[in-house]
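Common to both upcoming complexes is subunit A, partnered first by subunit B, then by subunit C.
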Partner chain A sequence: MMERSAVPGKERVLYVYRGDDYQGEEVAYRVPVVPGMVVLDALHFIQAHEAPDLAVRWNCKAAHCGSCSGEINGEPRLFCKTRLDAYGSLDIHVHPLRTFPIIRDLVSDVSWNYERAEELVPGFRPAEPPPFHLQQWEVDRVEEFHRCIECFLCQDVCHVLREHGLFGQYWGPQLMVRIAELEMHPMDTASRTDLLHSAAGVGLCNVTHCCTDVCPEGIEITHDAIIPLKERVADQHYDPIAAWLRRLRRPQPTSP
Partner chain B sequence: MTAAGGQAWETLRHDVLVIGAGGAGLRAAVAVSEVGLSVGVVSKSLLGKAHTVMAEGGVAAALGHLDAEDSPDVHFRDTMKSGHFVNSARMAELLTAEAPERVWELERWGAVFDRTPAGQILQRAFGAHSYRRLCHVGDHTGKELLRTLQNRVTQLGVAFYPEVIVTRLFRDDSGMAGALAYRRVDGRFVLLRAPAIVLATGGWGRVYAVTSNSWESTGDGTALAFAAGADLMDMEMVQFHPTGMVWPPGVRGLLVTEGVRGEGGILLNAQGRRFMADYDPKRMELSSRDVVARAIYQEVQAGRGTPHGGARLDITARGAAFISRKLPSMRAQFLALADVDITREAMEVAPTCHYMMGGVRVDPDTCATRVPGLFAAGEVAAGLHGANRLGGNSLADLLVFGKRAGDAAARFAAASVHLPVVAASEIEEEVARVLAPLRQPLGPSPYGLHSALQEVMTRCGGIVRSGPGLQNGLQQVLEMQERAARLAAPGGTLYNPGWNLALELDAMLLLGEAILRSALERTESRGAHYRTDFPEEDAAWGKQNVVITRDRGGSPSLRTVPVAAVTPQQQRVLAPLTQDVTGRAPS
Partner chain C sequence: MPSSVRAASATASPTRYWPPWAQSVTTLVVFSAFVLYSFGVVVFERTGQYHNYLSPFFSPPLGQWLGIPFAPAVLVAWIPLLFRGTCYYYRREYYHAFAADPFTCGAPERPERAYTGERAWPWVVSNWHRYWWYLAAIVLLFLWKDTVSAFIFQGQFGVGVGSVIMLGNVVLLTAYTLSCHAFRHLIGGSRDCFACPRGIEAVRPPVRFRWWQRISRWNRHHGRWAWASMMSVWATDVYIRLLLAHIIPDVRLLK
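On to the complex of A and B.
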């Protein structure tokens, strides 16, 4: 029923980082190539045949869960969505996310991102209890942010975190997407501009677009999330009248 | 890591421990936290990555926004009919009555759903649902559901322990005592003490070679519950989703959402014939999953399959704009992984192991197992879906029974007077067992044994079964269980996937055995369970569930129990289906 898939004799070498945050090195593994093969397939082959303890996260294998994030030839990518054939005859170097501490091999400690999410207050505060009456266009406006798979590739690439290490001052693009999702929900009544101005530090983003370029969900992080959030902060903190008018136009809260 | 004798473990205490952070686990945690008790949630992955995140099509709730004739009663009828009447009518009744409220509650917590022109939640058609019923947002409804619950538990300050894997439950006669787990990121052991435990560990699709399930779906919780004394039920009922990807090999089994057919996709064989006309002319592509899956299987067996052994699924007629809006993830998935643009070409699809209807036997109202203080909800639990699950009913299940399990566990914890102590010797024994594969110098590889199990289960316990095949499969699985005792996993305790798989194999081998034994027992065909030696539905079997109990020696022992009786009120609701109940072969 199934046709034999491996092209006989065709092999590729993957250079995979093995080690932890303190020391490690690339190890070369030979992998037989199968049509349509992605990097995660190759890593699974390595686990099954050569290095059973090779650490890598994954869940869905379909670019839906954001678990298999890492860096391939220096670029932040999902291992399950990156095909070997995209690299032609180039060498393939597979590394973990570098902006966060490495636990082991291809697994980094991304807990910092979840800790920031815990500090995100206020949460969603609807104007009225459901069922809501909303139009599709209102849903479409925020649906983009709801597509985020929390892969943290954008966090990995953002130079404010990666080069400047300003973890204490800026929450990074992924959390800006999360805040935008709340701020722009048509039913939300809370304001997070103080948070954005202070702890979350949206002002530190200098709109380089690098985050948008790597987002596997194609979210226009800078244009659709960060810039509107910056405008809200500017209104609130430098143009109180505009902020006051904006608040007047917002729906009023009721207890949920 | 040091020797077991000198092993230190950290101890954590909660009123309720929830094992699993999919929809069911998180919904249970919300329920416990809302009544002010302390709840801890553990999961094998990070927060927000559980299998639930992959659900695409939607959540079934009879809101009647598009079809005013729809109601919880009709939804109840559809659920019972789809389950071929071996499901629990009480569970189906609770599900269909409470799903609408659970969906609106998600809106209150920040979820967004696609809308009707009148501004209400939009609902889509799905296989074997009488009306358009699945609330959805594009094709990432599972993510929306899980993210909303994730944000909710984060806001409530629920204690969450990511990448912590439970290997053993402890109890005494009055309640639970706790669970032993190890942390992947540092290899340390943790004793989680709690008088009440909710199992929400999902399914075990990874016992099959071709599956839509994530690596986590190895049925750990089902095996843990069984070891603790809970009963398993309906284990033979394994759902094969008709449409998994087939090509290229790396993506084989990945789900193609039923939403594609719900939005108008049609199935064609290699000769271009719309073959569902030969199997279910009335419902065509939207027939129930077992019927469509077997139809594709039979087309392929008859030599009318596509080059890679599947059927064509074509939605191009709906046009690029529509497809991109309603099925964005599917479009992206095929473009990136298969070089297929689904707005212009047909997809190649074949059945893939998708869902376990069977699992831990529970009380319909409280999700309580036979073990005091142990509750189970979501895919790990049995009863709601019977012989075949309706699409969209799983997400509804997670919400409705996740909440019920959380409520009941909270009540149990609040009423429990003492927390049984776990003897250090018991913990040490478990630690030694868990570390054993790391210490085996030579032995079979867990990866090799896993593929062998998957091959046997697919061949002998798959979409089409027979007595001799099942018997043969069982023999092989029993042999594998012996080999599993000597598995070797080189490396340390720190984030070691081979070691992890060695431990998961215990559960998978037990569940493989349970599936094959139950399938042998049920000498008929019903819903997802199809036997060539007993191809017909048998009315007598329609009144029985197969239950597995752990005997004194720890081995599985099978018996049949009568399907729970239908109340007169439920009977009235079911009345329009009476012809189906009394004998007429299901369509």
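On to the complex of A and C.
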């Protein structure tokens, strides 16, 4: 395989956050520019030549694993999907996800998200055991949610978590996608509207669309997951006519 | 994270042509202007009728039916106000622009301020958006009736500039109303399985699925319809008010 070589004399300066949750600062690193270079390439160069102790989380380098998420110039992005040349002559500031505690340098502790996922009850309760025999058009809706790579960029930009710190009251957009995936599955029989209304706190979302804007997989988080879930919660908890119709449809107990 | 690092985060981005605050500032200015204009029309104007043209602010003419001579538009205006005020798209815009919650995505807020989202008064009323949709759909029927009347001049079919403006307005309002998220839920979004229990045997999607899919496609442009229909309501009222003030004549395109 032919290796791409650096453009002679062309360098970029990256200002990379070095430190932890308590103290840290930006450190400037010079990186020789290679055509098509992404931020993760530049970070690897820094690790190899200037700062072998620089902590950065990565796996696939192909925008599939969701590991190399962070903030570039204040915007949540995947390091492996962000080209240096897209920034032209702008300075490039590389930071970790700052909604979650920083373990070191560019690595944040995102375990809170996995803990919430474990609390997602009820889980998948299919009407019949798999394999399911369904038309493709029937499952297209939930397949959109399957694209989630758990990069947590949406959680990072969500102001309910980021600015208000309401971790105990709202699970954030990524978990809403996870709930929507189960809730809207054609074969699922369980209801999660009570969970959404209480512990998962979908009512705290004020649909500002920021999560959708940063999703690297292009999932319409607000339109296809959060708003339909809010409507389902409205069915159960805010709509007196829907409640009355449900009561009418409910089978009446027969007298002994 | 240390505050010095927060400050170091720049906002320069290659993905945005406009600075991130541009949309919020535009919303702030245009929405404020529209609200002030609407308030003036609804509270201080007594009529929106010019021959066969009726301003959308005054339709249906409840004041006329009930014989109320002052501010007749007040009797109707609360319906579109609540419908738009609880619309998912408008919520997104005014939470950004007016409540700064957040002003732009990722922008710092005042964390000490209590935030209750849409679970407490006043924003909890957004959860009844569907009810305002039902009422807005009734108003829309009257607007279609008014549009038909706008093409009838003294018992004869005709087309004036006003007729075209009113037709454009009602088409945009229809697109806005039918692309609503609550309507999308009502038409099929509440269902998990559209063809159950036929499953794989349902080769052709049922009618409800196809309508849900169609509304979902329109729903993607709900924000555009929201802006366009707001502007068309504004333009229609301004046009009729200019006619009423005899500042411009109504040009007849077809007699």
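Some points to look at:
In this section, the second predicted complex is superposed on the first by the 235 of 256 C-alpha atoms of A that agree within 3 Å, B and C clash if a C-alpha of one lies under 4 Å from a C-alpha of the other, contacts with A are read in each partner's own complex, and residues count from 1 in each chain.
Note that in this section a contact is a pair of C-beta atoms (placed from the backbone, for glycine too) under 8 Å apart; a residue touches a chain by one contact, two chains touch by 3 or more.
Just so it is clear, the model here is predicted, and its values are computed rather than measured.
In the superposed pair of complexes, A:185 makes contact with subunit B and with subunit C alike. Of the two partner chains placed by the overlay, only subunit B lies in contact with A:114; subunit C stays clear of it. Look at A:238: by the touch rule set out above, it reaches subunit C but stays clear of subunit B.
In the superposed model, A:135 lies in contact with both subunit B and subunit C. Of the two partner chains, subunit B is the only one that A:65 touches; subunit C does not reach it.
In the superposition on chain A, A:163 makes contact with subunit C only, while subunit B stays out of contact range. Once both structures are placed on chain A, subunit A residues 132-135, 138, 185 are touched by subunit B and, in the other complex, by subunit C.
Here subunit C touches subunit A in the complex through residues 1-2, 4-6, 8-15, 88, 91-92, 95-96, 101-102, 105-106, 108-109, 111, 115-119, 123-124, 127-130, 181-182, 184-185, 189-190, 192-196, 199-200, 202-203, 205, 209, 219-220, going by the rule given at the top.
In the complex of the two chains, the subunit A residues touching subunit C come out as 15, 17, 19, 21-26, 71, 73-76, 86-88, 90-91, 93, 95, 98, 102, 127, 132-135, 137-138, 157, 159-160, 162-166, 170, 183-188, 201, 203-210, 213-214, 220, 222-223, 227-228, 230-235, 237-239.
The part of subunit A that touches subunit B in the complex is made up of residues 1-3, 5, 34-38, 40-41, 47-49, 52-67, 81, 83, 103-105, 107, 109-111, 114, 117-118, 120-121, 123-124, 126, 129-136, 138-139, 142-143, 146-147, 149-150, 181-182, 185, 256.
Against subunit A, in their complex, subunit B makes its touches with residues 45-51, 53-54, 104-105, 107-110, 112-115, 117-122, 137-138, 140, 143-144, 147, 151, 154-155, 157, 162, 185, 214-216, 247-251, 254-255, 300, 305, 307-309, 329, 332-333, 336-339, 445-448, 451, 489-492, 494-499.
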